[in-house]
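Below are two complexes that have chain A in common, paired first with chain B and then with chain C.
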Partner chain A sequence: MSDLNVGRTTAKEYHRSHEPIVWSLFGAGGMVVAFLMPAVVIFIGFFLSLGLVDNDAVSFERVIGFASSWWGKCYLAILIIPTLYHVAHRIFHGLHDMHVKGPGSLLAILFYGGSTLLSIFVLYLLWGIG
Partner chain B sequence: MNSEHDIPNSSTMRVEVQRYRPELDARPWWQAFDVPYTNDTSVLEALQYIKDELDSSLSFRWSCRMAICGSCGFMINGVPKLGCKSFLRDYGALKIAALDNFPIERDLVADISGFVEKLETVKPYLMREDPSDLDTSVPISRAFNQTPQQLSLYKQFSQCINCGICYAACPQFGRDPEFLGPAALTLAYRYNQDSRDQGKKDRMPLLNAEEGVWGCTFVGYCSEVCPKSVDPAAAINQGKAASAIDYALNLVQLGGDK
Partner chain C sequence: MNAPKENNKTLRRPYKVEQKPLWWLDNSYYFRYMIRESTSLIVLIYGLVIVVGLLRLTQGPYMWQGWVETVSSPLMFPLHLLALLAVVYHAYTWFKLAPRIMALRISGKPVSDQKVEWAHWIVMLGVTVACLLVASCGGALL
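What follows is the complex of A and B.
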C-alpha cells in the first residue's frame, strides 16, 4: 500500500471496465422496481387478495388477452427482464461484499448468464402467447 | 491548554491506545491510561495529555485542532474519526488505534503515502486545452467566471480535507489497495464537474477502470464517516453514470478513449 510505487518503473496502467453494461441493466431494473413494481404488488398483494377488485378482472381470458396484445407483451418484458438483471447484479455484489467468491468468473457467469437465459426464456414465452 | 487538565475533581476515563514501535514490537499492543477530562476534552487532547504527562514516547499526528488539516484521523472505538472532532464526553471508555486499511508507521501514525499518491493520480487541478490560460508568469488577463449553479455542481465535493477516514471505512480499499478509493474518485469527479476545467478526457480513463468507480459496490460507509459531509459515495455513483455514458459513446465511436 505504502509501496505502490516501489519497484514500479512505469506508471500503473488503467483499463476500461465493462461493468457499465451490467450496471446500466441494473439501473434500468432499479427504475422498474421503483416505479412499476409497487403497483403490481399493491394490485396483486392487496387489492386482489382483499377482494377489493372483482376476481373477474383477472380471469384467464382477460389475462391472456392482455398478454397477447403487443403492448401487454412489452409491459411484461419491461417488468420482468431488467428486474432479473437488477436482482442478479445486487446479489452478485452482495456476495462479493460478504467475501463469497467462486473460482474465476464462475459467479459472474452464473448470475449474469442466468439472467440472460431467463430473459431469453421470457421473450420466448411472450412470443408464443396469443 | 493544560489548565483544564488541572481542574480538580474532574472525572477520569480509561483510554486504551494501540502502540506499535517497529524497532521493538513484533505486533501492535494495547496500553491503558487514565486520563482526566472535562466536558470539552477532545480525543486529541486526551492523547496530548498522555504524551505530556504519562508517556512521552507515544506518536500520533495532528496540527490544526479544528477539523481542517485532516491529520488526526484514528480508529476511535472501531470507527474512523477525527481526534479533534470527537469528545470524551460522548464515550464511556476509549480504544484508539491507527486508521484501518493502512500500514502502521508507528503507534497511531498510519502510513497514508499510498493514499496521497492516489490523490495525485487523478490530476486534481484545473487543466486547460490552451496552456497559456494557466500561465502564471504573465498577469491574469481574463477571469473564468462561474455561475452559482455551476459552482453547486462540485462545491460539496471540494470540501474534502484529505484525512483518509473514508479509506479506513471502505471495505473495497481494504481488500484491494489498488482501488483509487472514495476521496480520490470524488476529487476526480469534482474537477470534471468544474466548468473552468477542460481535463476530463485525462481523468475519464481512471474513472472508467475497475480500480476507478467500478470498484465501488455502494456500501456507503465512506459517506457516513466523512467528517466534512463530502458524501464521496454520491460522487462515485454520479461518476458511474458519467463513466457509463463514456462507455456508450466509445462503443459507437463518438468519443471516450480506447
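What follows is the complex of A and C.
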C-alpha cells in the first residue's frame, strides 16, 4: 500500500488518544461500583440507619484502626479513586449526548481534572492516617 | 442546477441530520441508556459523601461521630435508597455487557452469555455478603 504515500511531502501525523487511559479508569470504576458499592450502600444506608448493627461497629477506634492498616488504605483507595473517574467520564459523555459540549475542552478539564484533584486529596488523607 | 443562493462559494450542500437535545426521550432503548448513564450522578454524590467521611475521620473522634450521625439520619434515607437502586441498576447493565467484553472459551468451546452474566452476579453477591459480614463484625469496611 506504499503507493498511497506517493506525492506526499510530509508524513501523516498520528495523534495519541487519551481515550485508552480514560476508558481503563472508567472501566475499573465500573467494576468497583458494581462489585463493592452495593455493600457500602447497604451497610451505611440500611444496616447503620435502621440500627441493624451496633454503633460500635463504626466506632472511631475501629475505623481509624482499619484506615491505618495497609489493606484498609488499599481498600479505601480502590473504592474511591476509580469511582471518581467512572462518574466523571459518564457525566462528561452524558452532557455531550445532551448537546452540552462546553467551550473548548473546559468540561473535560473540569471533570477529569476534578477527579484527579479529588484522588490526590484522598491519597493525601490516607497517607496522613496512622 | 439549483445552487442555493446563500451558499454562493460552493455547490456543496451536505445533508445534515439534526438531533434535538432530548432525542433520548423518543425511544425506550435510548431512555434506558440515559437512565444507566445518570446512575453516575447519584454515585458521584455518594462518592463525595464517602470522601467527606474520610476527611472527618482524619479530624478526630468528635467529627467522625458527627459524620456517622448525619449519614444514618432519617433525612439521608432517600439518598441511600436511590443510591442502592442506582448501583444495582448499574451492576445489572454492567454484567449484561460483560460477555461482549470477555468472550470466554473453555477448552475451545465458547461460554454462553448467560453463564458469564450469572458468574458476575454470583461474585457480586459473594463480595457483598462478605463485606457486610466483615463490616458488621467490626472489621470496619466504612
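Structural remarks
The rule we apply is simple: the second predicted complex is superposed on the first by the 114 of 130 C-alpha atoms of A that agree within 3 Å, B and C clash if a C-alpha of one lies under 4 Å from a C-alpha of the other, contacts with A are read in each partner's own complex, and residues count from 1 in each chain.
Basically, contacts are C-beta pairs under 8 Å (C-beta built on N, C-alpha and C of every residue); 3 or more make two chains touch, one makes a residue touch a chain.
Note that the structure is predicted; figures quoted are calculated from it, not measured.
With both structures placed on the common chain, the touch criterion links A:His93 to chain B and to chain C. By the touch criterion defined above, A:His15 lies against chain B but remains apart from chain C after alignment on the C-alpha atoms of chain A. Of the two partner chains placed around the shared chain by superposition, neither chain B nor chain C is touched by A:Leu123. In the superposed model, A:Ala28 makes contact with neither chain B nor chain C. Of the two partners chain B and chain C, it is C that touches the larger number of chain A residues. Judged by the touch definition given at the top, the superposed model places A:Ala108 against neither chain B nor chain C. Of the two partner chains placed by superposition, A:Ile78 touches none, neither chain B nor chain C. On chain A, the surface touched by chain B in one complex and the surface touched by chain C in the other have residues 93, 97 in common. Touching chain A in their complex are the following residues of chain C: 19, 21-22, 24, 34, 37-38, 40-41, 43-44, 46-47, 50-51, 54-55, 57-58, 60-61, 64-65, 68, 71-74, 76-77, 79-81, 83-84, 87-88, 90-91, 94-95, 120, 123-124, 127-128, 131-132, 135-142.
Every residue of chain A that touches chain B in the complex is listed here, in rising order: 1-5, 12, 14-21, 23-24, 27, 93, 96-97. Residue ranges on chain A touching chain C, taken from their complex, read 30-31, 33-49, 52-53, 55-60, 62-67, 72, 75-76, 79-80, 83-84, 86-87, 90-91, 93-94, 97-99, 118, 121-122, 125-126, 128-129.
Residues 101-103, 111, 113-114, 117, 121, 171, 177-178, 205-206, 208-212, 214, 217-219, 240, 243-244, 247-248, 250, 257-258 of chain B touch chain A in their complex.
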